[in-house]
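Given below, in the form of structure tokens, are the structures.
Look at the two complexes coming up: subunit A is in both, with subunit B in one and subunit C in the other.
Let's turn to the complex of A and B:
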């Protein structure tokens, strides 16, 4: 093993990790406003990719327009999901709402399977597929796009939640719904907004990843699972931690496959995740004793 | 007026009775994964089976009796497959069963057939289905062993000695891996790397980097879409120059579409169905390949797949056995199946015996190379 091999493991780990990180990011946004773990988050990522493919090859639109439309359409679906399935039962315990999101994920997967088909599709890369060489390690240009857009989204969200009134209002809803309501915050609107933002983040992930990882109606299951693991690893509720948790998970997987055994790479990562949660149940960057009502 | 209508109804009753007496249908059962993860295999199988039964009935049925197909969808779920088979054997009273689609489901249900004394023709590939031979279980999908032999013959001819393998961690990949790990040393090659990836993995550069460090003469990849497409792209990305051989698991146009330019020049063993047009007119399989392709595409407006071909072969094999034994009793069909020789199916030439319930040889495979986004028979 030479230095460039290690660099290769690191870079491919970072690319895969940003997949998990982007999904994890969506988890935290909804969790931060509602306390719900939205298990349909992986479906948002899938919808971004599949709708992108549909607008591009199905309707023949140019690539940038198709991708933009895919993100907007998913945003709309996120809003619909909140209005049709979450709001009617909003006073139910959080665990019931979590179950509702699982139901929605199965429904969305089923509809996409019937309407858009069962095949795997790929989107064309944004700027060609000639690999870029970094100190002997080869990287797809699309990986750089993914890393840059992930970082950009992260900074944007960080700014939104800590600097803007809307972002702070959303956080307030998570801490205490009633108090936020009494303080004059439109709680329902904030919940709707959180679903829309997290759908858009998920779909963005879906369209920038589809050229690298390809997409099909069932990619959301695995992404949802790994994304949730990443969110827990980083400390549920912390967008920065979630993204970092995703990157760490990806890099761990890549090194486990490269240095130990590719047959057991998933096992290694989950063993590390379990160990971490035994020692520090609030995750790497989570606050201790963070209490939800 | 009254008399006429009385006469008419009498005629109708008589006709109905005559039909029932002369033509009690021959019931054939089928279990396919029409929905669920393996639906891309099961759906063409279901379509094909329906088409073949319609063709049989249009030609007057078997032994003058119409054929009825009872299809159940196992949703790629092993429990549902078991239930479906129970229903077919106990309630529907079928004379033979085709399917299930996946190897796992076949292995779970095949034990029931000896007890019920009904023959099963499986459409899945695992070698364990017919080895050791269960007298009541047959299969039409070619074995991994034959595909591996075909590839290793080529590697030997090209003077490649050190081989690396990368396989997917599902049933298909692991069955292939076992055969590869057995035949590579047995045929005098050296196995330099044995890498594995998950069916849902989206990046295999870590495994390919490890293989690159070993610098083998050739790499063999065993998996179904989309993994092998990711590997083909990763090979270009990392600049691996040694040849990459694929398995018959990616012998569909979808693979070329997914891998794009990275698919150019890759070689794989495949059934002749995907290159039906290029098969020499004198080849004994030519007629059945062209007929199936034309019929299927005319009726379903989609390209044929090897998997639909398995359903085609199974049903016509049952028809052949029924004609051979002049009986549609389950035990007679089973006995006649073992006597079927030189039967030209879409998967190859079937020669069943009491010891060989697959009936195919490595000649069922043709080596094809991907050129300009299309298959070409390797000369």
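Let's turn to the complex of A and C:
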């Protein structure tokens, strides 16, 4: 093992970790406004990639337009999910809501499987596939795109949550829904918005990663699970901790696959999740004594 | 009073199950009934978890698979007799659940669902990858049929009778658990968690007990499945099967023990009537989950009870009007 090998692991880990981070971010945003874990989060990521493939090769649209449309379509699906399935049962016990999100996740998977088929697809890389050499490690240009777009998206969201009225209103909902409602914030509208943002963020993760890892109708479960592990790692409820958790998880997984065993790399994530829940359920960046509901 | 009522209910249920094969025209349907009983065993256990502990397991098919593989491997590779192998398989499944439950059930929230989802995926990977032991994706054959103290359950009918009896006993035990200390604790948590905690109820312990029990039931069902088909393959224990068990519970009625059985038999029989089942399976499960939660949160059993109540109220009102 040389330095460049380690660098290679690090960079590929950061790349995959970006998508975990974006998925985790989506989990957190919905968790904050509604208190539910959205099991359909992974499907948003899958939809981004699969719809991108559909718009590109199915409809023959140019790449940037196809990707943009894929993200917008997923955003719309997120909005529909909230309006059609979550809002009608919003007063039901949390477990019913969680079952609804499981149902949506299965339904979306099933529909994509029927409409777009069971094949595995890949999107073309955004700018060529000739690897760039960084300190002896070969890096796909797509990896750089993934890292840059993720950073850009995080900055944008940071601005949204800390500088805009809507973002602050969403944060207020996360702190105390009732108080936010009494202060005149349309809590329902914030819930809708949180589903839209989560869907768009997830789809972006799916779109930028699809050129590197391929996509198919059933990638959502695994990505959802890893995203959730990342969210717990970062402290569920803390959006930017979640994104960081994703990066850490991606890097750990990349090293585990490279140094230990690649067949069982998915098992590794799960072990981390269990250990974490056992030792420090509030995550690395979560508030201590945070009451989870 | 509660116990004797349960006893007569379970006895009546057993009689119903035992007469069913004689009402059916075709012997083929006995195998459907057997699979229905096996699914019901798992669903009743899962129902206990979902309906009473308020927790979801997305990995129950993995517990079924663990039971099936453990018992299958012990009888073929280690050459154990069937009965101790089944007992060992159930214990192993319960132990696995217990290990997952300890960290996740301490926390309120839906950590168990994610952890079991992960567990299910890992178990699937192991079944597929550990080819030397499990035979990989094509599975392994040659598991012996069940034999207890020299009596071999060779025919489908005898096996079905055994399963029917086991299911009735399981119902009796589980109804009893609901009334036991753990069951009362869980119902107290359901009504007012803070009050229950103040009264010294061990919330995490009660949930852990129920989860372990429900996984044990799944393991038993899996072991009996292996000794019925004499063959196991990883594809019978995947994620979609875990979802299927949840659909059985939700469709039948969460927290309604008889509902889970209704859901289990309904979903097991469904592919027999729906030829295009495999293509629409996923969509169907998703649709059922969403629509049940929106329009029938108490499931078929709850819906039927409500309908019956309405019919009776109308009849009573009619009689009152006449009188």
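Going forward, the second predicted complex is superposed on the first by the 273 of 293 C-alpha atoms of A that agree within 3 Å, B and C clash if a C-alpha of one lies under 4 Å from a C-alpha of the other, contacts with A are read in each partner's own complex, and residues count from 1 in each chain.
What we mean here is this: a contact is a pair of C-beta atoms (placed from the backbone, for glycine too) under 8 Å apart; a residue touches a chain by one contact, two chains touch by 3 or more.
As the structure is a computational prediction, the values presented were derived from the model and not from experiment.
In the superposed model, A:280 makes contact with neither subunit B nor subunit C. In the superposed pair of complexes, A:222 makes contact with subunit B and with subunit C alike. Of the two partner chains, subunit C is the only one touched by A:269; subunit B is not. Shared-chain residue A:129: touches subunit B; no touch with subunit C. Look at A:92: by the touch rule set out above, it reaches subunit C but stays clear of subunit B. Looking at the shared chain after the overlay, A:37 reaches subunit C, while subunit B stays out of its contact range.
For the contact definition in use here, the residues of subunit A common to its subunit B contact set and its subunit C contact set are 221-222, 263, 266.
By the touch criterion given at the top, residues 36-37, 39, 85, 88-89, 92-100, 102-111, 113-114, 221-222, 225, 228-229, 232, 263-264, 266-267, 269-270, 273-274, 277-278, 281, 292-293 of subunit A touch subunit C in their complex.
In the complex of the two chains, the subunit A residues touching subunit B come out as 1-2, 5, 8-9, 11-13, 15-16, 19, 118-122, 129, 131, 138-140, 209, 212-214, 216, 218-219, 221-222, 253-255, 257-258, 261-263, 265-266. Residues 50, 54-56, 58, 100, 102-104, 106-111, 113-115, 117-119, 121-122, 125-126, 129, 239, 243, 246, 250, 254, 279-290, 293-294, 297 of subunit C are the ones that touch subunit A when the two sit in their complex. By the touch criterion stated above, subunit B contacts subunit A in their complex at residues 37, 39-40, 43, 169, 195-198, 200, 202-203, 205-207, 209-210, 213, 225-226, 229-230, 233, 236-239, 254, 257-258, 260-261.
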